[in-house]
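What follows are several structures.
Across the two complexes that follow, chain A remains constant while its partner is chain B and subsequently chain C.
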Partner chain A sequence: MSETAVLTAPTATRRRPLAAVPYVIIGIYLLAALFGPLVIDFDPVATSVTDRLLPPGSATGSGTALLGTDGVGRDVLAQVVHGARTSFVIGIAVVLITATVGIALGAVAGYFGRFPDLVISRLIDIMMAFPGILLAIIIAGLLDRGPLVVIIALSIGGWVGFARLSRGIAMSVRERDWVDAARTMGVSTPATLTRHVVPFLAGSVIALATIELASAVLAEAALSFLNLGLPPDVVSWGQSIAGGREYLATAWWITVFPGAALTILVICVGLIGDRLTRRFTRKRD
Partner chain B sequence: MTDRPPTALLDVEDLEVVLAAGATTGTVLDRISFSVDAGRTTGLIGESGSGKTMTAMALVQLLPAGARTAGHVWWREEDLLGARARRVRQVRGREIAVIFQDPLQALNPTQTVGRQIGEIPRRDGLSRDAVRAKVLELLDRVGIPDPEQRIDAYPHELSGGQRQRVMIAMALAGEPRLIIADEPTTALDVTTQARVLALIAGLREREGTALLLVSHDLRVMANVADDLVVMYAGRVAERGPARAVLDSPRHPYTRALANNVPSVRTRSAIARPLPGAPANPFDRPAGCAFHPRCPLVTDRCRTETPRLRELEPGRFSACHLAEEVTP
Partner chain C sequence: MTRLVGRRLLIGLVTIWGVVSAVFVVIRLAPGDQATVALGPDATQEQLTALRHALGLDQPVLVQYLDYLGDVLTLDFGESYRYGRPAMDVVFGRFPATVTLTVTAALIAICCGLVLGVLAGRRPGSLVDRAVSTVALGLQAIPPFWVGIMFILVFALQLRLFPSAGGGTLGHLVLPAVTLAIPFTALVARITRGAVAETMTESFVRTARSKGLTETQVLGGHVLKNSLIPVVTVVGLQLGTLVGGAVVIETVFAWPGLGSMLVNAVENRDFALVQAATVLIAVCVIVLNLAADVVNARLDPRIRLEARR
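Right after this comes the complex of A and B.
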């Protein structure tokens, strides 16, 4: 429970209690992703034909299906809980990779200017002209399905935002006196870059990372929905939603619960991201 | 100009810096020559835009992108302008250190002052404890009370005077032979200014380090400088021993500056302000750059650029009428 306490700590919540809501919800998701799979057992390839398409609250061979069962008799609640873990693992991995690559390229471009900047800026322009999800679909479609491929496919286009942000900040921080001071002390260029420029990217990058996390979760679900993402033995909200498509008229719960889980998570992460962005863009400089 | 005295630690010879601003280029520094002797304080003085900071930064090659340089910066028989980047980096900090104008801007707000002062000792491969001991000793040497407490403070937790002391400690950490101080007291209040100046002067005496002091404040210069280099519009107007330059200027610009210092004893707060605006190095008047503001101006001044010439040993002036300038 300590996690929710930490996440609801920001001072703004004292004045506006509603502001805490997204933090509480994200906290619940994190708890579900961390500990849910330990509590609720689920085997994505085990089917139970006798329990198929049961409405929420029905009794099954192995207990009560609180959120019903799907077309092959798998528990929907278990899918939602296990899917949360998948979404977070893939989303966080994608954000870590894209942020690292984006910060590195953006900081180098912004700090050195001239030729490195020219090359990296053109690369950014090219990536910007190409829809990221289309690129991910092509890559995921060409390679075998698997978590690693999904992470790579989503990372290929995701670094652009981080690079653009980092480049802009590095360009302004480079002009600050402490960078000159470091250089007059004979600090090497890599050390100047990592110790006197990159730390100033932190706030803005964290704000952007939150928003990118939401879009990575969404993109993973989209890929899995299109059968290009995760293989059937990994639980994913996108797959669950796709699996419920043909029963939409008769068994709505198969689609609605994973869909709602996805929507609420993306909205809450987005709300936090917007708030962080406002805070750091105002505070910068 | 090959008047290189054997004692000169730093000898700047015909230093030129050309900057491009859009389509036009400007010779921001035009044939600057002066030297800094070991163990002495040389003052670089001039109005804003006269190129004094640019000169100081050119010595450690911290110039804006796209700046072109010419001439020589002789550092103990080695031309720094022609040196490789690696060599320049070796010189920076360990042989020539820089104290910046605004310590709040020049200290990285995300690092503790201890870490920033320990930069060079740490790179020398000292152990963590040895670095800490050295930093504590430096903090003590620059007069920061309670170093044990301050070493882990962040720059914003210190007062302006303490931050400038931290900057000085950073400069001392590499045990340099020359310290370049760019307006080290401008950002401080008057009482703190005096204390920081006393500290710098005292350190110079004890450590035998040479000091290049950049300032627009003649009172500061009169107190600390041994030699003076007066700059105007990117050129050296006059140089020589500080006392002699201030007491009997050999350039009308120096005379105007010296007469301009508001003295507490005289009643007028602003005595005889200099007429006109400082010349812009991008659009320098023909001939002597000072001629539009000069009371002694002749036709020759409008067309012929005066070269810096030696009037008597150690006294140089770039004025056609240097002999006629009276205090």
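Right after this comes the complex of A and C.
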């Protein structure tokens, strides 16, 4: 059954031009996050009383507000663009940290088995049992607010997925001939792990990293929405959404546009992650 | 079975210990201690010292930690300085609202998810399947707190069908429960779809069909029951996520439950309340996971056999 899947896969992708859409959209987001802030100036602490709550397309003191202005007269489009940068920076940092920690722990557990596996597996069980967002709320909410604290708070629960995945693959790769060969030739254990085991994690890890990026971006927005995440001088979609709540009946654009930006990004990243997962995950469990 | 439950309970206890210890560490690392938070910025040094002594904050950290573990065991977390009542009382007072919300959301999600999943999985690749799969993928990724706000905008502010915030009546329950159920419905639908699609290829399904059973009998009697095992596993594992999601959704709708209280307590640095709420949530999540394991063992003889070994 798996052979037919391999044979039919290329034709299936060629017949679906829509498959490129999420990539294009994410490309636009990346461009906006990279270059947008250079083009569109935004001062998160500046306020302009005369420009308050203007609907999309209104003229303001500093040009046209294409997506309107918020409760203190700040441009919504600028918040969307600057918020994209924040989301990517936090999301990518969280994924890099959690992937590194998770792969290291998972590979060690899967490769060595016995005691290391026992300890790491129980640790995974414990982390799986408690909702990560709760831990993040408590950590980010009680400690001094800042990007670093948010990244740490989101990383604490995030490594588990990577560890589970890496452990499973390492367990099966360990039994392969080339690992035996390396061991017989006297290659050191760290070198065997990094050169002969970890490379086989790449595909699945990239697929999982995509999904984890989406959830990290979402979790950061949720934290900032609850006013427990980033400080007010860092632009974040979550904060913009929260800021628009009190004007929901009169100025919907403050909440709708940053939220739509977040939703579209998360859905596109999720779509790609799902596709990569299907491509890289052999039927294991 | 007893051994399975025993092992799970042990992991659960260790989890609770891990969670309460993590909360202890975070509270020690947080700027300002209970005394400065409770007395406010105008407190004199004498007042601070006196309260610190009364709360045991002048003891070595290890002694404080052991005291705290004792508090956890006796469920006595001291008074919430915001409410002026024992923290556990406040938390238990808020508990029923959260249970109502999460149980309603879980029921909606399981019913809708199962139906959608079976519809999609019975004919993999069909139009229904592709529609359900795509929509489910999108709904699973969509940020629930923003969906909640959009629901308020459309159904509460524009159409005036439901109240936008608060609790008490059935009308108040609709929007938060549906919002909370959305990602979970998508998850249940996707897992069910995969399980049903796989079961459909089994030989006993062919046997059932060739016996002359109707398609409904085959689906209900043979396919669904065998597909439920992975569904129960995943749902059980994800119930914790549902509780976590409830924290955010309760805040959006000002639902008077544990979650919105926890967010407020974190914001106000009401440490006693944070500790009490975390322990209660952790216990709930672990009991739910345990329940899912037991249901699973009932459904699947293989798990029971494995546990016996």
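Definition applied: the second predicted complex is superposed on the first by the 267 of 285 C-alpha atoms of A that agree within 3 Å, B and C clash if a C-alpha of one lies under 4 Å from a C-alpha of the other, contacts with A are read in each partner's own complex, and residues count from 1 in each chain.
The definition used in the following text is that contacts are C-beta pairs under 8 Å (C-beta built on N, C-alpha and C of every residue); 3 or more make two chains touch, one makes a residue touch a chain.
Not measured: the values here are computed from a predicted model.
Visitor: With both structures lined up on chain A, is it a clash or a fit for chain B and chain C?
Guide: Pair status: fit.
Visitor: Looking at the overlay, does A:259 come into contact with chain B only (first), chain C only (second), both, or neither?
Guide: second
Visitor: Please work out whether A:180 is in contact with chain B alone, chain C alone, both, or neither, and reply first, second, both or neither.
Guide: first
Visitor: In this superposition, which partner touches a larger number of chain A residues, chain B or chain C?
Guide: Looking at chain B versus chain C, the one contacting more residues of chain A is C.
Visitor: One more residue to check, A:100. First (chain B), second (chain C), both or neither?
Guide: Once the two structures are laid over each other on A, A:100 reaches no partner at all.
Visitor: For A:218, select first, second, both or neither according to whether it touches chain B, chain C, the two together, or no partner.
Guide: Only chain C; A:218 stays clear of chain B.
Visitor: Identify the partner contact of A:172: answer first if only chain B is touched, second if only chain C is, both if each is, neither if none is.
Guide: In the superposition, A:172 touches no partner, neither chain B nor chain C.
Visitor: So, A:194: does it touch chain B (first), chain C (second), both, or neither?
Guide: neither
Visitor: In whole Å, what is the nearest CA distance you get between chain B and chain C after the fit?
Guide: The answer is 11 Å, the least C-alpha separation in the overlay.
Visitor: Per the contact definition, I'd like the list of chain A residues that touch chain C in the complex.
Guide: 122, 125-126, 128-135, 137-139, 141-144, 214, 218, 221-222, 225-228, 241, 245, 248-249, 252, 255-256, 259, 262-263, 266-267, 269-271, 274
Visitor: Quick one: in the complex, what on chain C touches chain A?
Guide: Residue positions touching the partner: 11-12, 14-15, 18-19, 22-23, 26-27, 29-31, 137-138, 140-143, 145-146, 149-150, 152-153, 157, 237, 240-241, 243-245, 247-248, 251, 262-263, 266-267, 269, 274, 278, 281-282, 285-286, 289.
Visitor: Provide the residue numbers of chain A that touch chain B in the complex, in ascending order.
Guide: Chain A reaches chain B through residues 113-114, 176-178, 180-188, 195-196, 199-200.
Visitor: In their complex, what parts of chain B are in touch with chain A?
Guide: That would be residues 60, 62, 65, 89-94, 96-98, 100-102, 105-111, 119-120, 123, 167, 170, 174 of chain B.
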